[in-house]
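For reference, the structures are reproduced in the following blocks.
Below are two complexes that have subunit A in common, paired first with subunit B and then with subunit C.
Coming up: the complex of A and B.
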């Protein structure tokens, strides 16, 4: 069973990520008094893109490798995480630091593609994407580290309850607040969709991509969003754990749907920030997350 | 005793290389090959000596050698062995690279270059094997300093290079005075080994001991390039020197400062007994390391000159090493086995990063040399798109960039992971170590930004064709060969970290007078740090599970599997690829005024961290 779990993770995430995306789009539409697309629209989009022509404006290998790398790195993260509060066979050999680095690697792939694409808008988007990643990664890292500090381990097996491990303390509540405030940035949605900025930069880093390459990028973004929703559920909602594996998975998925609803609602009601405003906002979040870590070390 | 013979043979060969290749310097390429042939032979002796010493065939105590009128203690133990290996490998690569690279400086005679380069290597090898703070140390230090000073001012017609070299010489002489002064302060006399100085220091006043240690920290800190001392000379000197020399400066010479810090704080000072407080000095080192890595890397983001970028990043990477050393020193004072285990992990991580940094930074400086050789510029604003003309260099640069940025499964990942994991888990030893680890983690994302920019703007993006004076071509085979050799080692370090961790642990177990030596000698370290083909583990010794674990090979396998799935998805609907022109956002042509250059890259981040400083051009 432990050896099938990574496979279950990958299948569940691959199959459900577009559905959550559909939920997000539907909700946004409803808030804006539109009908909105059907829930399964993202599946149609991906399938359509897979059948389209792959336009290559760079003609070099970094351009071709980038979407694959973005997809692969997030998929490895998905395979190793203890989804449904169960650690699979891979979790014992991986730890939180690796997860942070792999997520960064996925971001780097987006950047590499943008740089290879040579488009000026793409490069502006890439520059913003990297800045966002640098400023938001510490919050993600500290969410994982909070659990590590409390449980004295960084591995994914033992640190499964992450931040809420060893009980809810002041530090956990503080980190939860910080995570919620960073959620839109993790998901790359308004008011922090600064890198893609459709109206301003026309999808930024992805501008030169089309067809299957774009589908891979889109799918990895959906997977990433789903991972961040899962991390929230896993780190801060430990009471969803019943001990029955399928039930735990369902409960986590249901909670993740709620997280997506929050992302959708906040996204639909907030205008985009400028990158310099966002950077200052992230800096404040980092400071509060550091405070939470300090409290955790002190045993609060 | 036996190891002195190959070491002195290496010295002799290096001296012969200096004389012979300088004598034939008029036949430029012949002299280069002659120099390489001799340098690689010397390097082989150095590496062999190093490996023997690291494997426990080294010396049990310092051996007095009479050099002319002086008596100098030599000590080739495990630690010296590790640094000899680094010196050997990087100097061989740099010698091979020099042969064709020096064509770039057609207007300069190579006589001086080939005379000084082997002497520079000789000085460094002598510095890590001589075990005193008086005459022997001064000899080695001066050979190393003066040779490198002359190498940095190789381009005597460039004013900035001459100035940078002058400041370098001044500061290194100051460092020398500080270090020798500290030795005298501690009561050391000519010919005293470090251990003897340590024993004498035990009798000294604690205030005197503290003052001497502060002087030594300043002196070796200047050499290693820690904040704020490194900023005074390092970026200007590294970017002014010819690239093979920069590779040696950054890959190896900075490490002699690290070597000094280790010898002082883990060998000399503990012998001084209760007067030395490892918690204070360890905490200080860890704090200095954290500030160095943070500031150095943020200054690195702002650079547009490829070599300045690499130089500032060297300061940042040295910070990681110093942080690891400081954490190890602090935690080694603890009686708790869990914390002692983390101390072992931290020092292993620090020394592993020494090995890794030497290789990938050597490779990166050689890459910057290739940029200069092929296009005539190292300004990232003017470079771009080189992957089309220099495909092999591009792949090698990508390997090194991923390694330095700490991306799994690159080599930087394995060592940074060890340092960061051991600091994050050591919160109950010292609360501040956790934020230090977090800063280190944050900073490695910034490092990534630097190298995405370095690789992206040089090899992908666009622009170089406009800047280059002549058609761009891939660099010659011998230059590529030097880089490929380093890249192969870099890959091995990333994928098989256990080999190197075991080498280092073995070497530390055979280091004479090492404060944590028993831990490595008895094999107790392997209960704290697991190193096997399946990856690295840090045991937490507190609970049932490991503290932290990664398996680079498994990560690589998983990534490849996922990549294959991606390839299959991309092809699943029979989609074809078609080459199209880039959309120019409505402009007719992509030119200097419409393309995105390095100036705008990460502008928001640069603005947020404006206060960290970092000059983008050499001081006039």
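Coming up: the complex of A and C.
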């Protein structure tokens, strides 16, 4: 069983990520007084892109490699996480630092593609993406570090500190708040869809991509969004754990749908911020995340 | 300042260099000035408080008068306008440039450099403005001997030379096609990091030559319908402005009821345009929910327009001497009920926008341009009023029935995009107020003046209409062949766009779309779809109810 869990993870995420995306789009449409696309529209979109031509406008290998790298790195993350509060065969061999590393690698792949594409809009988007990464990854890292501090281990199980009975403390509640405030940035939605900024940057780093390459990037982004929803559910909602594996998975998925609903609602009711405004916002988040770690070290 | 005192001042200071006035309509002063002293006189007018509007160039060689150039100035506080006319011999069409003193005259002069072959010694940027990059040198399409349908052969490897990038900056090309521009235009934005340090503009890519067409091919009574197609949003403005300028030139009296109906259509158009713009502005700062709701609120206005005129847009209401359709008592009731609904919904929108702190963050201090600069660049409309320049053609130079209607002119002093948002929101309520007064005060009577045989030739007529995005100016010199000898159109964007590089300066690139969007460049929209079945070729038109059900939750 432990050996097929990574496979279950990957399949569940790959199959459901577009559905969550559809939920997001549908919800946004409802807020905007529109009917919105069918829930399964993102599957159609991906299929359509997969059937189209891959244009390599830059003609360089980093440009071709970037989408594969982004997709591969997020797939590994998905494979190792303890989805359904159950650690698979790979989880024991990996730790939280690796997850942060792999997520960053995905971001670096986006940068690489944008830089290799050499499009002015892509380059501006890449610089914004870089700033966002530098400012927002610390919050992710510190969420995992909080678990590590609480459980005195860096293994992935630590990413869900209360599941092992660590309980809510001041530090956890503070980190939960910080995580919620960073959620839109993790998800890359308004007010923090700054790197892709459709209006002025025309999708920024993605501008030169088409066909299957674009589909891979899009799917990676959906998987990443789903991972961040999972991390929230698993780290801060330990009471969802029943001990029955399939039921735990379903409960987590249901809770993730709620997280997506929050992302959708916040996204639909906010304009996009400028990168300088966003950086100031992120800086405050980092400070509070550090405070949470400090409190955890003190045992609060 | 009155027309008399202005005339005395100019005569005292410039003596024989200023002659006239030529007979013109009340509140219009038409003076002839000596060509060499044009810059001095223009400078003096500005110092006396005038606002530069636009220049009108003409080819008068057939009458032995060489080339003509009229610069238009408005004295908004005193409610009159002054035109200074000068001419140059046919062999040397050269006029001293007034652009160094009045920067917003830059486009007028570049335009006549392109279209009439004028030369403007002293112009700081004598580059192509209107003609295509591959248009051959030496053909000036607005000259009388050039046929309206001339198509010179296309040329390869000719490109507009953009301005040099300031040192330390890189160029971001926005356009010719870009999602934040809704029609082709090319801004070369020079950025240092993400800070905008300069901008060059190359536009007029869809120049249609409407002035030339109407001066050579169609007749007085057909032009309102062509004029309406100048703009997809403020068509009624152009049709009315054209009609009024011909009526003024020829001394045509318009029935009072028709003037009220014109006001009604202009204000209806303003409400639709302001809501459309508000939606687009939301979209430009990445806030699509504002976009969707503003357009939902706007929709009843479009259906109302269709009920009154038969069309959602491009109403076809205005003709010389009046309007084509009357307002029946039932329609008046329709209008009242739509106004009530729109007013309530816009109140809700306003409250939501005023409270949204992120909208404030994205618009306050953005596109900042102090009042003095805004005056220097002759900004018009909400963009000017957001910079505490209290001008509005409806109040300052009343036309149609506005002198009988009471309304406020909202202004703001924040000098930025936020001020523009505020002004345009508040103007919706003023428009509602005006439309209600129109329905109450409209007298009974005919809606069209009796037709006239022939209009007198070579009379001048000027009309200003406050379009939703600012003052539109039309200038007509009547002609002999049942069509204008010269018809000059100046839409508000023509002026405001020239001020955009100044507004962009030192802003972030992320704010580029909303700053350009704040002056409201235009685009048209078709909301109803015709579905053609492939194979059978059968057509089916979706009606309102079906489309609503398809597009909106609940189908309401």
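By our rule, the second predicted complex is superposed on the first by the 291 of 300 C-alpha atoms of A that agree within 3 Å, B and C clash if a C-alpha of one lies under 4 Å from a C-alpha of the other, contacts with A are read in each partner's own complex, and residues count from 1 in each chain.
Methods note: a residue touches a chain if its C-beta (ideal position, glycine included) is under 8 Å from a C-beta of that chain, and two chains touch if they have at least 3 such contacts.
Only a predicted model underlies this, so the values are computations on that prediction, with no experimental measurement involved.
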Under the stated touch criterion, which partner chain does A:18 make contact with: subunit B (first), subunit C (second), both, or neither? neither
With the two complexes superposed on chain A, say which partner A:188 touches: subunit B (first), subunit C (second), both, or neither. neither
After the superposition on A, what does A:121 contact: first (subunit B), second (subunit C), both or neither? both
Output check: A:275 vs subunit B and subunit C. Expected answer is one of first, second, both, neither. What do you get? both
Should A:82 be classified as contacting the first partner (subunit B), the second (subunit C), both, or neither? neither
I'd like to know which partner A:63 touches here: subunit B for first, subunit C for second, both or neither. first
Counting only touches as set out at the top, which of subunit B and subunit C does A:205 meet: first, second, both, neither? neither
Is A:238 touching anything from subunit B or subunit C once the two structures are fitted on A? First, second, both or neither. neither
For A:30, is the partner it touches subunit B (first), subunit C (second), both, or none of the two (neither)? second
Residues on subunit A in contact with subunit B in one complex and with subunit C in the other? 120-121, 124, 127, 275-276
Partner subunit B, residues of subunit A touching it in the complex: 47, 50-63, 67-69, 71-73, 75-76, 79-80, 90, 92-98, 100-102, 104-105, 108, 111-112, 115-121, 123-124, 126-128, 130-131, 133-135, 137-138, 141-142, 145, 148-149, 151-155, 157-158, 207-208, 211-213, 215-216, 275-276, 278-280, 283, 286, 290, 293-294, 297-298
List the residues on subunit A that touch subunit C in their complex, please. 28-36, 120-121, 124, 127, 190-191, 193-194, 197-200, 202, 268-277
Report the residues of subunit B in contact with subunit A in the complex, numbered from low to high. 384-385, 387-388, 398, 405-408, 413, 417, 420-421, 424-425, 427-428, 431, 434-435, 437-438, 441-442, 444-446, 448-449, 452, 455-457, 459-462, 534-535, 540, 542-551, 554-555, 558-560, 562-563, 565-567, 569-585, 587, 590, 594-596, 600-605, 607-608
If you look only at subunit C, which of its residues touch subunit A in the complex? 170-174, 178-180, 194, 282-293, 296, 356, 358-359, 361-362, 508-513, 550-553
